[in-house]
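Presented sequentially are two complexes of chain A, the first with chain B as partner and the second with chain C.
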Partner chain A sequence: MQVKNILLLFLAVLLLVPVFLSHAPYYFRIIIMLLFYIALSQAWNIVGGLARQPFIGVAGFLGFGAYMTILLAKLLLLPPILTMWIGGVCSLALAVIISPILKLRADFLAIGSLTIPGILYSITYNSEILGSCNGIAINPDILYSLPLFYYLGLILTGVLCYIFYRLQKSDFGLRLAAIGCDQDLAEATGISVFSAKFMAFLLTAFFTGILGGFYGYLMLAALPDDVYNLFWGIQLLLICVIGGIGTVYGPIIGGAIFFLASHFIQITFVELHKLFLGIFLIMVVVFFPEGIIGIDWKKIFSKLKG
Partner chain B sequence: MILFTPENLFFFLNILFNSLIVGGILSTVAVGLTLVMGVLRILNLPHGEILIVGFYVSYILFSQFGVDPFATIPLSFITCLLVGGGIYYLMRKVSARSKSTAVGTGIYQILYFMGVSSLIQNLVVILFSVTPRSINPSYGLNILSIGPFGVSYARFACFIFSLFSLIVLYVIFTKTYFGVAVRSVIEDADAASIMGANVNKLVGIVYVLGCALAGVSGSLLGMVYIFNPYSGMTLLFTVISVIVLSGMGSRGIAGTFIGSFIIALIANLSNTFLTPGLVQASTYTLLLVLLILFPKGFGGGRA
Partner chain C sequence: MYLLEVKDVSKKFGGVKALQKVSLNVEKQKIYGLIGPNGAGKSTLFKVIMGILKPDEGKILFKGENIAGRPAHKIYKMGLACTFQLATVFLDLSAFDNIRLGVMACGKDSDKKIDERVNELLNLVGLVEKKNVLAKNLTLPERKKLDLARALGVSPELLLVDEIVPGLTPTEVANVIELIKRIRDVYGTTVIMVEHVMRVVMSVSEWIFVLNHGEKIAEGAPREITRNELVVKAYLGDKTKNINR
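Take a look at the complex of A and B:
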C-alpha cells in the first residue's frame, strides 16, 4: 500500500513537470533529452544488455529513423508525429535486411555493426535528395511544443521500461539471458539462438527508429554528422554499463548520471568532452563492471567504518 | 564502359602492380592483428588507433625536425610498444574481473576496447586537430620504373620494408622456440600451459609486439595514404576484410598476403572508378558483405 502511494505520487510529479518548467525552456529541453537518452538506452538494453550482443552501430537505426521521418514530413507534408512511427517501421525493415550480421561472434559483431551507420552516412552525404552534408530541415508545425515532447518522451520511456521488465520475466527474455551468458550452451540446450537474437534485434531497431524520429522532430532537422555519428553507440554503452547492464534500472540510473555529467562536462570543457567519456568508459569497465547496482555498498561502508 | 585496348590493358596492369605493393604493406598490419587475435581470442578493436599513433609519431618527427620517415620507425615502434603495454596492463584487470562475474562472454573486454579506441582517437584530435596529413619526403614523388610499371620510391621502399618484416615474422614463428610456444598458445592455450608455457606472459608479449608492428605499419602507410585521426577505423575495416577473406588466421602469412592483394585490388579499383565520396562506403560495404557471407572466415577457418 505504501509503495503504491509513493509510486502514484511519483507519477503525479512526473506528469506535472511541464507546469513547473514552462517558464524555463532550457531546463525543460534538458529533461526531454534525458528522457530521450533513457528510452534509447533502454531500447539498446534489449539486444545489448539482455542478449549481450554488442551491437554498437545503433546510430544506423537512429539516423535512418530520423531521416525517414523528416523526409516523409517534408515530401508528403504529413505531421512528423505520424511519420516518426513510419521511421520506426523503416528501421525495422533495415534491421531485417542486415540481420545476418547476428550470426557473427561478439567482437566481429561490434565491428560489423559499425559499418552500418558508416555506409548510410556516406550514401546520405553524397545524395542530393537527402540534402548531402546540410541534411534536411522542416518548419515547426502547430503541434510543435515542449510539453508534447515531454509527454511523448515519457510515454516512450515508460513503454520501453515496461517492455523490458516484462521481457526479463518472460520465457523469451530468459532465452535471451541464456544466450547472453553462454551462446554455445544455450544452443546445446535447444534454444533457437538466431531467431531469439533476431526478435530482440527487431525490437531494438523498431524503437530506436521511432526515437530517431522523435529526435529529428525535436531538432526539426536530420544532419548526417549528428544522427549517423558513431559516438551514439559509445554513449549508450556507457549509460548501460554505469547503471548496470541488462537490468531495468540500469538505463534509468545510468542515463541520469551520464546525461547530467556529460552535460556538465560539455558546457565546462567543450573540446575535452569526448575524451572524458572515453576515460569514463574505461574506468567504469575496469573498476565497476557491473555498474552502480553491482557495487557491494555494504562492503564499502564496512571498510570505511574500519 | 572501358574496353580492353592495349593502353587500357597497360593501365589495368599498373593497377594490379600497385595493388601488389599496397597489399604487401596491408598484410603487415593484417598479420599483426591476426596474431593478437589468435592469442587474445578477441579482435583487438583499437588496432587502427594504435596505427594512427605510430603515424603521428613519424609525422611530427618528419615535419618538425626533418627526420627521414624511415629513420622514425624505431621511435614509433617503441611508442606503440608502450601504448600497447598500457592497454594490456588495464585489460588484464578487466578480464580478471569479468571472470569473477556471472557473465562469461567477452563483452566487458569489447566495451573496454571501445573506450580505449574512443580515448586514443579523441586525444589525437585534441593534439593534432582533424586536418588530414601525410608524410611526403622529397624523394616520395620520384618514379622508379620497373619494366612497363611505374612506382614511387617511397611506395617501393615501404613494400620492401614490409616484405622484410613479414620474412622476419615468418622466421620467428617457425624457427624459434618463442614462435613455437606462441603457436601452441594459439592452437590450445590450456594444453600449452600444461606443457609448461607461460601463457599469460606470451599473450602479453604478442599483444605488445602486435601493437608495435601496427605502429611501424602506420609510419609506412603514412607515405602511401593521407590520414586524419578518424582514419584508424576505416583502415581497421580494410584490415578486417583481409582477415575475413584470408580465413581468420588459418592460412598463415602467405594466405594473408593473397587476401591483402585481393582487398587492395578492390580498393584500388573502387578508387579509380567510383566518385570519391563513395570510396569509404565501398570499404564499409565490402566488409559488411564479407562478414555476412563468411561469418567464420573464408572457408570457415577457425577463429
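Take a look at the complex of A and C:
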C-alpha cells in the first residue's frame, strides 16, 4: 500500500509540473528537453542496449523525422503535431532501405552507421528546397504551448519505457539479448539473427523519427548542423551506458545524470563547456564503463565506514 | 539411410586448403570420434556442417536433405546442434534463459511446456540449483554442461561436440562422458566428438574418423585406428618406423 501511495503521489507531481512551472519557461523547457532525451535514449536502447548493436548514426533518423515532419506540415498545411507521426513512418521507411547495414559488426557498424546522417546532411546542406544550411522553419503562428510539449513528451517517454519493459520480458527480447551477448552462438541456437536485428532496428528508427518530429516542432525549425549532428548518437550511447545499458531504468537515470551534468557544465564553464563535457565523458567511459550499476556500492560504503 | 552424409566437401581459405573432398557417413544413435593433429580441419568441418561456413564444393545430406550452405539457425531447427570449444554460453543471461533459447527454437510450444523442457534439461546436466545464476558466474565445467543443455534444447538428432574435455579434472571428464552416453541412450542422439585426449576418444567412440591436412586419412573402430600406420604417422611424424607395435 505504501509503495502504491508513493507512486500515485509521484504521478500526481508529474502531471502537475506544468502548473508549478507555468511562470518559469526556462526551467519548463529544461524539463521538456530532459523528457525528450530520456525518450530518445529509450528508443535507442532497443537496438543499442538490448541487441547491443552500436548504431551510432541515429541522428539520421532523428533529422529525417524532423525534416519530414516540417516539410509535410508546410506542404500539406497540417499541424506538426499530426505530421510528426508521419515523420516516424518516413524514418521507418528509411530504416528498411538502409537495413543491409546491419550485416556489419561492432566497430564497423558503429563507423558505418555514421554515414547515414553524413549523407543526409550533405544532401540537405546542398539543396535549396530543403533550406540548405539555414534549414527549414515552421510558421510560429501555429499552436505552441509548453504544457502541450510537456504532456506529449511525458506520453512518449511513458510509452517507450513501457514498450522497452515489455520487450525485455518477451521471447523476442530474450533473442535480442542473446544476439547482444554472442551473435554467432545465437545463430547456432536457432535465432534468425538478421531478422531479429532488423525488427529492433525498425522499432528504434520509428520512434526516433517521431521524436525527431517532436524536436523540430519544439524548436520550430530543423537545421542540418543540429539534427544531423553525429554527436547525438554518442550522447545517447553515453546516457544508456551511464544509467545501465539494456535496462529500462538506464535511460531514465542516465538521462537525468547526463542532462544535469551537461547543463551544470554549460552554466559553469560557458566558454569551455565542450572541453569539460568531453573530460566528463572520458572519465565515465574509463572509470565507469558499466555505468551506475557497475559501481560496487558495497565496497564504497564499507570504505567510507572505515 | 544415414543420418548424416558428407560427400566430397572441400573448403579453401585463400590459398589454404582446409578441407579436401572429405566424405563420411554417420548412423543414428552412435558416438563418433573425429580426431587429427592441429590444423587438420576438424573445426572447419564442424563449421561447414553446422552452417557457419559454406563449403566450396560437395554435399552435406542431413536426414536426406542437402544442407550445404543453409544458414546455421535453420540447420539447428532441423535437429543438428553443436557445442563449442571453451564452452560458449550467453554470459549475461541466466542458465535458465540460456537453455530456454535452445528450446524456443522448436517453435510453437506453450510457455509451460517450454519451462518444463528447460527444467528437464537442467536436471539432466545437474544445474537445477544454478538455474538463476548468470552464465558468467558459473565455473568452467558448469558452463560446459550448460552449453550441452543449450544445444539439446531442440532435441537434436545429431550433436557435434567440439573439444569439451580441456580444462576439466579427471572426475569431471568422467561426468561429461557419462552425460554424453546418456544423451545417446536416453534421447537417441548421435554424437560426433572432436577431441585431442586420446583415452577419452578411444573409450567412448564406437567409430572414429581421422583427418590430416584437410583429408580423411582413415576411419574405423578405435582398436584399428590406433594400429593404423597413417594415423600414427600423422600424429608422430615419419620417424616411427622403429617403434614396436
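In the analysis below, the second predicted complex is superposed on the first by the 302 of 306 C-alpha atoms of A that agree within 3 Å, B and C clash if a C-alpha of one lies under 4 Å from a C-alpha of the other, contacts with A are read in each partner's own complex, and residues count from 1 in each chain.
Just so it is clear, contacts are C-beta pairs under 8 Å (C-beta built on N, C-alpha and C of every residue); 3 or more make two chains touch, one makes a residue touch a chain.
All of these numbers come straight from a predicted model, not from anything done at the bench.
Once the two complexes are overlaid on the shared chain, A:Leu104 sits against chain B while remaining clear of chain C. Contact with neither chain B nor chain C is seen for A:Glu128 once the two complexes are overlaid on the shared chain. Judged by the touch definition given at the top, the superposed model places A:Gly190 against chain C, while chain B stays out of reach. Put simply, more of the residues of chain A are touched by B, taking chain B and chain C as the two choices.
In the superposition on chain A, A:Leu114 contacts chain B only, with no contact to chain C. In the superposed model, A:Ala178 makes contact with chain C only, not with chain B. When the two complexes are laid over each other on chain A, chain A has residues 180-182 in contact with both chain B and chain C. The part of chain A that touches chain B in the complex is made up of residues 52, 54, 56, 98, 100-101, 103-108, 110-112, 114-116, 118-119, 122-123, 125-126, 180-183, 230-231, 233-234, 237, 241, 245, 271-272, 274-275, 277-282, 285-286, 289-290, 294.
Contact residues of chain A toward chain C in the complex are 171, 174-175, 177-178, 180-182, 184-193.
By the touch rule above, chain C contacts chain A in their complex via residues 50-52, 71-73, 76-77, 81-82, 84, 88-93, 97, 100-102, 104-105, 150-151, 153-154. Across the complex, chain B meets chain A through its residues 42-43, 45, 90, 93-94, 97-98, 101-108, 110-112, 114-123, 125-126, 233, 236-237, 240, 275, 277-278, 280-281, 284-285, 287-288, 291-292, 295, 303.
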